[in-house]
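Notes follow the structure.
Chain naming follows the written order as A, B and C, and within any one chain the residues start at number 1.
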Amino acid sequence: MNRKSLMKLWGMPLLFVVLLIGCSDEETGSDDGNTSGDNPYNISIMTTAHTPEPPTDDSPALQALEEYTNTDLDITFVPNSNYEERFNITLASGELPHILLAADKSPSFIGAVEDGAFWDLTDYVGEYENLSQMNDIVVNNSSIDGKIYGIYRARPLGRMAVTIRQDWLNNLNLETPETIDDFYNVLKAFSEDDPDGNGQDDTTGMIVSEYDGPWDIMQTWFGVPNKWGEDEEGNLQPHFMTDEYREALDFFKKLYDEELVNEDFAVMDSGKWHDAFIDGKAGVIVDVADAAARNRNKMVESDPSMEDAVDVFGAVEGPNGLFNLPTTGYSGLFAISKTAVKTEEELKKVLEFLDKLNTEEGQTLATNGVEGLHYEIEDGEYVMTTDQEKLYEFQDLNQLLMFIPEDRFLVEKQTELDMKEKEVIAANEDIAVANPAEPLISEVYSQRGQQLDNIIKDARIKYIVGQIDEQGLDEAETLWKTSGGDEYIEEINKLYEEIQ
Amino acid sequence: MHKMHNTPAGRVFDVFNHLFLLLIAIGTFIPFVYVIAGSFATEAELARRAFFLIPENITLDAYKYIFSTNTFIRSIGVSIFVTIAGTIVSLALSLTMAYPLSRKGLTGRTLLLNLVIFTMVFNGGMIPTYMIVKSLGLLDSLWALILPVAINPFYLIIIKSFFQNMPDELEEAAKIDGCSEIGIFWRIILPLSKPVIATFTLFYAVFYWNDFFNALLYISDSSKWPVQLLLQQLVMIANVDFGNMDTLLSEPPEESLKMAVIVVATIPILVFYPFLQKHFAKGVLLGSVKG
Amino acid sequence: MANLKTEQSVKVHTLPINKMTLWERLKKDRFLYVLLLPGIIYFALFKYLPMWGTLMAFKDYSPFLGFWASDWVGLEHFKNFFSNPDFFRLLRNTLILALYDIVFFFPAPIILSLLINEIRITIYKRSIQTFVYVPHFMSWVIIASISYVFLTTSGGVINEVVSFFTGKEISFLSSPEWFRPVIIGQVIWKETGWGTVIFLAALASVSPEQYEAAIVDGAGRFRRMWHVTLPALKSTIIILLILRLGNFLDQGFQQIYLMTNSLNREVADVFDTYVYFMGITQGAFSYSAAVGLFKAVVGIILIYGTNYFAKKIGEEGLF
């Protein structure tokens, strides 16, 4: 706010009653959308913001994007941290924008879909050059009972990976692990054989925090299904009822008993998770691929010789083959509202716009901004501006992008590790274990899901730290079944049959 | 405050009391020192040392980042406006409403008090309130951060009970002197309520300064975001669930930045306190009755 | 002066209040009603007009359809809530934590105020006040993080001290029996200093003469605290206690959420965290409105109950 408008506010009388009568400038956001060929087409959008200052109408990058797509965009950027509240309020207000980002398949989004708030896009996307090339796994994950109600914003499916101290491997004459046994041996050596050569027993193999993602990732190596898997008869069964799951848990318990993971992992503040790795006290972190370079950069900050100390790999092979736990592959869905987009003709205009955002030029404008202003190409390399004001002019525009079928924007010069991360992510897609139940919307889960999940998660942690034994796991499974699990299994199988 | 003879037992008590409170003060303040120290430390140091009060290598990177654009300064301006205007509105409404409610003879008083108490436990929630704000045309206006929360019923009740505890003789005496009701409120009650006014100035000011949720609901125009919402933007990115993949598009802010954000958000409201403090200590009430 | 005053006041009130007609009474206090008006408008507009939201508890509210188009479901959400197999565990955890809060946290600011009030060096007193109120501004995320650093069994400072003296470490963060003490300890650390502000304001109304009179009577330090200072705080304490009971079942969601883990969940789950998680999987509106209504009813019963009790023992109460 500039000084002038601040003055204006100050000048306003503080009398309550006056205020109520005064200052009611109605929202002038109503746009009927001029459908004539050449004029820019009005599109209102609500999406997330990650920066403190999202682009405004004066942003040259936004203007260039509008020109390129021949649209007049009215974007509402909502802070990502509490997007869900604004999403619900927008639904309740009755004034939906043309394009509304649903952060995930939340109950209120699904409810609104069931109440007919959004267009079913299943039969339309095939007509567009980029949108027709959506990834099948991600389409399946993001669909609601098999139908497409929103264009997903793609994120890497194969993002889960292992970050490891390459220099420690070198010191101990070890290879990058390829099997679960190798992995165990490496952890053992990292814990016991003084990998940093300082003569002290001050290292741990792997560091885990109270965030239990690493256990999910590692159990997948054993062949445990991603939440649901088919049994011999083709019925879906929950992952923890498989033999592989018990096998994985025994392995975890062994790691804990032999002190190859940090003893306090169950309570460790997840904000401090990576500290021990950065500090050279732990050699392995099972998390996301991009954590490797991030941690490496922090290590280099205090010790430049660490440039090549970190490596990343996707997964290790278990007794049943090579598997990796994928992500859902998307972050949010662009749904098109029926109240703002009334006709099929308008719908096609909006889809055309979304399609165009996926082209190389669209992605570049929204990710990199305008050449000469926000970036330069020097010796064939992309160099981003360092002026924070300029960065804010385009940074949040990437929240409009779907990256379908692939990333097509400019990236800064890549280090070896950056490129390795990308290779790992690509390779992981081939060994991804999809969740067959992801598109299914379960009534039981919506009512009891969190409690059911906690029963299993808590039992796993308690088993690892030795608070319960095999019998305790059985009891947890029984409790899960009687707390609504049996109905859940039945319902999921029924829904699964319906979409087959 | 009260100068008086001290017994030996009293002196022993004094020594222990002073020491004890010193320890408490240290215990409450040290973690904040850590946050300040952390805001000047490098990432590597924050990863290596769990807790420290003086960083080994001092870096201003976090503050440079915060102050690199005028966004931050602007949002501080918004927050200062909302805090000052909001506190004035809230105090005016709360004091004027609390005074009649403290008068026992007032017809309808009990009904009104019951209605106020009812709202302390029952409320319509986020969506209905949003609808009201919207229909009043307050969306994207800073008044939306003030008017819907202008009276805190808890504070209202406490102010009322403070008024109620004032000796009745005061008013009787004022009436004899020919004071009108307005005169009693303005010339007698308010001047004698300085400690109460100071307290609730602080409470309302802190509330307005810390609030970000209303801005999130009602303010779309990012040039009107108050500083807490801005800081929320900077900090929350680091706290996203690990399943949320948007960390990929924006690097999580560094630990030191999170701490610097707390420092810059807290210092302004912290330095405000000592200015109010001197009003707490005025034991004028009973004395004035006698005079 | 005393005599004159009584004569005059008889003149002012020519009729006893209860003999006046309603109109006369309203007219006499017209200025007071003018003062009330803005506040009444505020409560009508921003508190009572949105009150229909509480009825969501009896509907299957869908924001998109709006309130009227959503289906009425009667008491279904309440049935789900009360018949939940975890209901009694949640109730027990919530009640115990709330009791801990009243018993251990509520008196803390009072005691601290009394101690601060005994300091006679103004600058020392004000500095102490300022320092103790700083933690109020720390976020729970930071506090949880600092708690981990101090309390972990892998080199936490407090556990180092504990094991130095006892030779054993204490799993503060993972053992269920330590969960509640840790939570209350954090609350005491964060909010005690802030809580003293209101008591110190109340103490401002104690006149020095009262202390002087007590000294003349030969009262020592502790008797002065007991007979002069504490009574001055009494009505504030009672009001705050009654108000606190109105929110008896509310707990700091964020704090508890951050301190919960797989090993202490059985004691950590409370209504507030439960509703949050239900919101994630179920869409919060109607269900959390139902739980909110339940908590509100408990709160209002406690408010009126304690208020009644306070009046019975001769206190002012809320009204």
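Just a few scattered comments:
Convention: contacts are C-beta pairs under 8 Å (C-beta built on N, C-alpha and C of every residue); 3 or more make two chains touch, one makes a residue touch a chain.
Keep in mind that this is a model prediction, so the values were computed, not measured.
Arrangement of the chains shown, judged by which pairs touch: all-to-all, with no pair of chains left without contact.
Looking at B-C alongside A-C, one finds more C-beta pairs in contact between the chains of B-C.
With centres defined as mean CA coordinates, chain B is found 36 Å away from chain A. Look at where the CA atoms of chain B average out and do the same for chain C: the two points lie 16 Å apart.
For the pair chain A and chain C, the distance between mean C-alpha positions equals 39 Å. Each of the following residues of chain B touches two or more other chains: 50, 92-93, 127, 131, 147, 150, 239. In chain C, the residues touching two or more other chains are 38, 42, 45, 63, 141, 149, 285. Under the contact definition stated at the top, the residues of chain A that touch 2 or more other chains are 16, 20, 88-89, 92, 271-272.
Considering their complex, residues 1-7, 9-10, 13-14, 17-18, 20-22, 24-29, 31-32, 34-35, 50-51, 92-94, 96-97, 99-101, 103, 105-107, 109-110, 112-125, 127-129, 131-132, 147-151, 153-154, 156-158, 161-162, 164-165, 169, 172-173, 175-176, 180-182, 185, 194-196, 198-199, 202-203, 206, 210, 235, 239, 258-259, 262, 265-266, 269-270, 273-274, 277, 280-283, 285-287 of chain B touch chain C.
Only residues 42-48, 50, 65, 68-72, 74-75, 77-78, 81, 85, 88-89, 92-93, 126-127, 130-131, 134, 136-143, 147, 150, 213, 216-217, 220, 222-225, 229-230, 232-234, 236-240, 242-252, 255 of chain B touch chain A when the two sit together in their complex. Residues of chain C that touch chain B in their complex: 4-5, 8-9, 12, 17, 22, 25-26, 29, 31-33, 35-36, 38-40, 42-43, 45-54, 56, 63, 112, 115-120, 122, 124, 126-139, 141-143, 146, 149-150, 155, 157, 189, 193, 197-198, 200-202, 204-212, 215, 220-222, 235-236, 239-240, 243, 246-247, 285, 289, 292-293, 295-296, 299-300, 303, 316, 318-319. The touching residues of chain C, counted against chain A in their complex, run 38, 41-42, 45, 62-66, 80, 85-86, 141, 144-145, 148-149, 152-154, 171, 173-174, 261-263, 265, 277-278, 280-283, 285. Of all residues in chain A, those touching chain C in their complex are 16-17, 20, 88-89, 91-92, 94, 106-108, 111-112, 115, 117, 210, 212, 262-264, 266-269, 271-272, 445-447, 449-451, 454, 457-458, 460-462, 465, 467, 483.
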